[in-house]
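Read from first to last, the chains carry the letters A, B, C, D, E and F; within each, the first residue is number 1.
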Amino acid sequence: MKNNRVAVFRKEHFNAAHRLNNPNWSDEQNERVYGKCNNLNYHGHNYDLVVQVTGEIDSETGYVMDMKVLSDLIKIEVLDKFDHKNLNLDTPEFANINPSAENIAIVIYDKLRTKLKSELDLKIRLYETERNFVEFPVS
Amino acid sequence: MKNNRVAVFRKEHFNAAHRLNNPNWSDEQNERVYGKCNNLNYHGHNYDLVVQVTGEIDSETGYVMDMKVLSDLIKIEVLDKFDHKNLNLDTPEFANINPSAENIAIVIYDKLRTKLKSELDLKIRLYETERNFVEFPVS
Amino acid sequence: MKNNRVAVFRKEHFNAAHRLNNPNWSDEQNERVYGKCNNLNYHGHNYDLVVQVTGEIDSETGYVMDMKVLSDLIKIEVLDKFDHKNLNLDTPEFANINPSAENIAIVIYDKLRTKLKSELDLKIRLYETERNFVEFPVS
Amino acid sequence: MKNNRVAVFRKEHFNAAHRLNNPNWSDEQNERVYGKCNNLNYHGHNYDLVVQVTGEIDSETGYVMDMKVLSDLIKIEVLDKFDHKNLNLDTPEFANINPSAENIAIVIYDKLRTKLKSELDLKIRLYETERNFVEFPVS
Amino acid sequence: MKNNRVAVFRKEHFNAAHRLNNPNWSDEQNERVYGKCNNLNYHGHNYDLVVQVTGEIDSETGYVMDMKVLSDLIKIEVLDKFDHKNLNLDTPEFANINPSAENIAIVIYDKLRTKLKSELDLKIRLYETERNFVEFPVS
Amino acid sequence: MKNNRVAVFRKEHFNAAHRLNNPNWSDEQNERVYGKCNNLNYHGHNYDLVVQVTGEIDSETGYVMDMKVLSDLIKIEVLDKFDHKNLNLDTPEFANINPSAENIAIVIYDKLRTKLKSELDLKIRLYETERNFVEFPVS
């Protein structure tokens, strides 16, 4: 079972506005299901994002992946697109997807997955608040 | 100098959307001064609020002020009004005030000051993010 | 391997007194094994509790589970029973179980497991202090 | 105004049980004032203690005070006496003092004040929970 | 699937200097790969170390493992060797191993693995900074 | 006493190696005073730096000072000079000053003071570890 696979983690953050709303529902149903998260004029969060990449250590560098490269990748693929934005109005990714923490995590996973070598595993942890957070995928 | 004045602190939080904008300025000037904080469709934060109340210990209770009473007061005066709201659109307090962290702190101070006994001193610390925060008043 | 299972986490906390003691042992053995955790008159902790629920995202709501519902469930099943209590004296759950962090985590797991739909997986992480914590179950 | 006075801070922690109760009051009044903090069989906390010492830098050492010496002092005067104890039952300091956070802070101040050189200023910050804390003295 | 296996975690920390450098490379290549982490005269970190031990609860003690014993073991095997040291110059463990976070985690794993009973599983999480951390092994 | 002076805070961090040593002392005296902080080959820290600037709110911007400007100033004056460096060997600022936390805080204060408008007050808080930190100046 001894191997040289290690998980490396990089924590970043972004600040965004959002609103939970299902356009197929009545206002009453949206209010009942989402409560104050349905507020018409949006509310917002400081999202903390932890990206986990798992793979074998490169014997030359001692790295699974250069954290600077990973940080730059997250900046380009996630922060530049979502930071200081209204997820519902400003980002095409959520044009037809409700920006729940669960869905945001999957969207971020899909964006980063295509940019990482296939032999590396990827997991996303997203904190909407210190007390509410999600993880994707789960084994 | 030995006395029985103690400062007590209660930490609460709320999540809100906002946008920094000066209506007397051109779009270009707002963009230049506020950068991404001027985003037209708002962005948001998890605001951490620390309320400091300073006074003499009541010899009967051992309290400067009952933290439950202080917590309830913050809930009624601040959280119920600002949590899961758009500060620019949903709150009359910021109809004519730019919701910078500095101004939010002063607005919260003014709301709580009128509800506390005059012999108690009050100070507000407001975290817009873990890395940007403000304090009012300063001695 | 791509699926839509997501883990959602809710963090809560409670404050309690406890004492580690095995009634089948002599005072000397209890003192030797548990040290200061065996203090006759109890000591206490701020317990931080992280409840992890794993399941498929509901395509209508975008939720694995409504965090408000999960928070209310934890309040009813755990906080209302353990918060500001003496675990050894005030809670029937620990009448015959030593309230070690390990055992508290299993007790909380059992209480919540019966209230969650069977298709949802459940995991408990319990912090006795910032530096000592436990997780149950482990795969 | 330029001088060489610096404040140095050392953070320590201890875990203790306590109960808020005023023996001059009826059970009903104690319950009404202290609520669940009055629980007969005690509850407990992880107390975080921050000790602030202010003075001039010693030009030889570059220190206001050796943090190792301050840490040892806190251990002897505070942690060895209060850690894993029941403040009401096990500590003579609170035989006649209600162990509210305010009063605990003053007791700790008095214990450390006598052990520090008179030219050093002392301030105590005590966290009962992450969200409730106190500071003594206040200027 | 219900069993009595629990994971217990102990968090410790140490402060060390290090430098990333591959002696088989030219100075230019080391500078290109490691950037400022290659600084000739070293830089340093506060390393936070979380040791996870998984096993069955002992029905007598209520413990998977006594946290005091685990803490002492980490002190002897890790902190006494690495704390306030230069990993490249002062520790034989890194005489021929580049002290990347990944490699430090594996070295710590190997040191603790030989001291734990074989029926206990071990996992290491090492924080180089709050935003860069690693975990070993991964299943 | 009501005024519009507000304190704004910006938190940054840097990682550096250092060693405490007084060249006027014998090795024995340095070892006795500084203990493991005197380690010949250096050790290191993740320094967290909180810069506090106090002044009047600009009624046009709602800012005491643009946090982006303050962050850039800290980057140029402090992080670019100290991050991933050996304070004793790589930085002329500490050629003749012992890099204790107290002295580092004063050096940072002096560097930033000359770059800020005179009507703004400045205070530095520097965390050497989570448990040891300093503040300068003190009123």
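The rule we apply is simple: a residue touches a chain if its C-beta (ideal position, glycine included) is under 8 Å from a C-beta of that chain, and two chains touch if they have at least 3 such contacts.
These figures come from a predicted structure and were not determined experimentally.
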Steps needed, at minimum, to go from subunit A to subunit C via contacts: 1
Whole-Å gap between the CA centroids of subunit C and subunit F: 41
Centre-to-centre distance between subunit E and subunit D (centres being mean Cα positions), rounded to whole Å: 34
Centre-of-Cα separation between subunit F and subunit D, whole angstrom: 28
Multi-chain contact residues (two or more partners), subunit D: 130
Inter-chain touch pairs (all): A-B, A-C, A-E, B-D, B-F, C-D, C-E, D-F, E-F
Subunit F to subunit B touching residues, read off their complex: 1-12, 54, 57, 60-64, 66-68
Residues of subunit A that touch subunit B when the two form their complex: 13, 15-18, 36-37, 39, 41-46, 83-86, 89-90, 129-130
Residues of subunit B that touch subunit F when the two form their complex: 20, 22, 24, 33, 35, 97-103, 105-106, 130-138
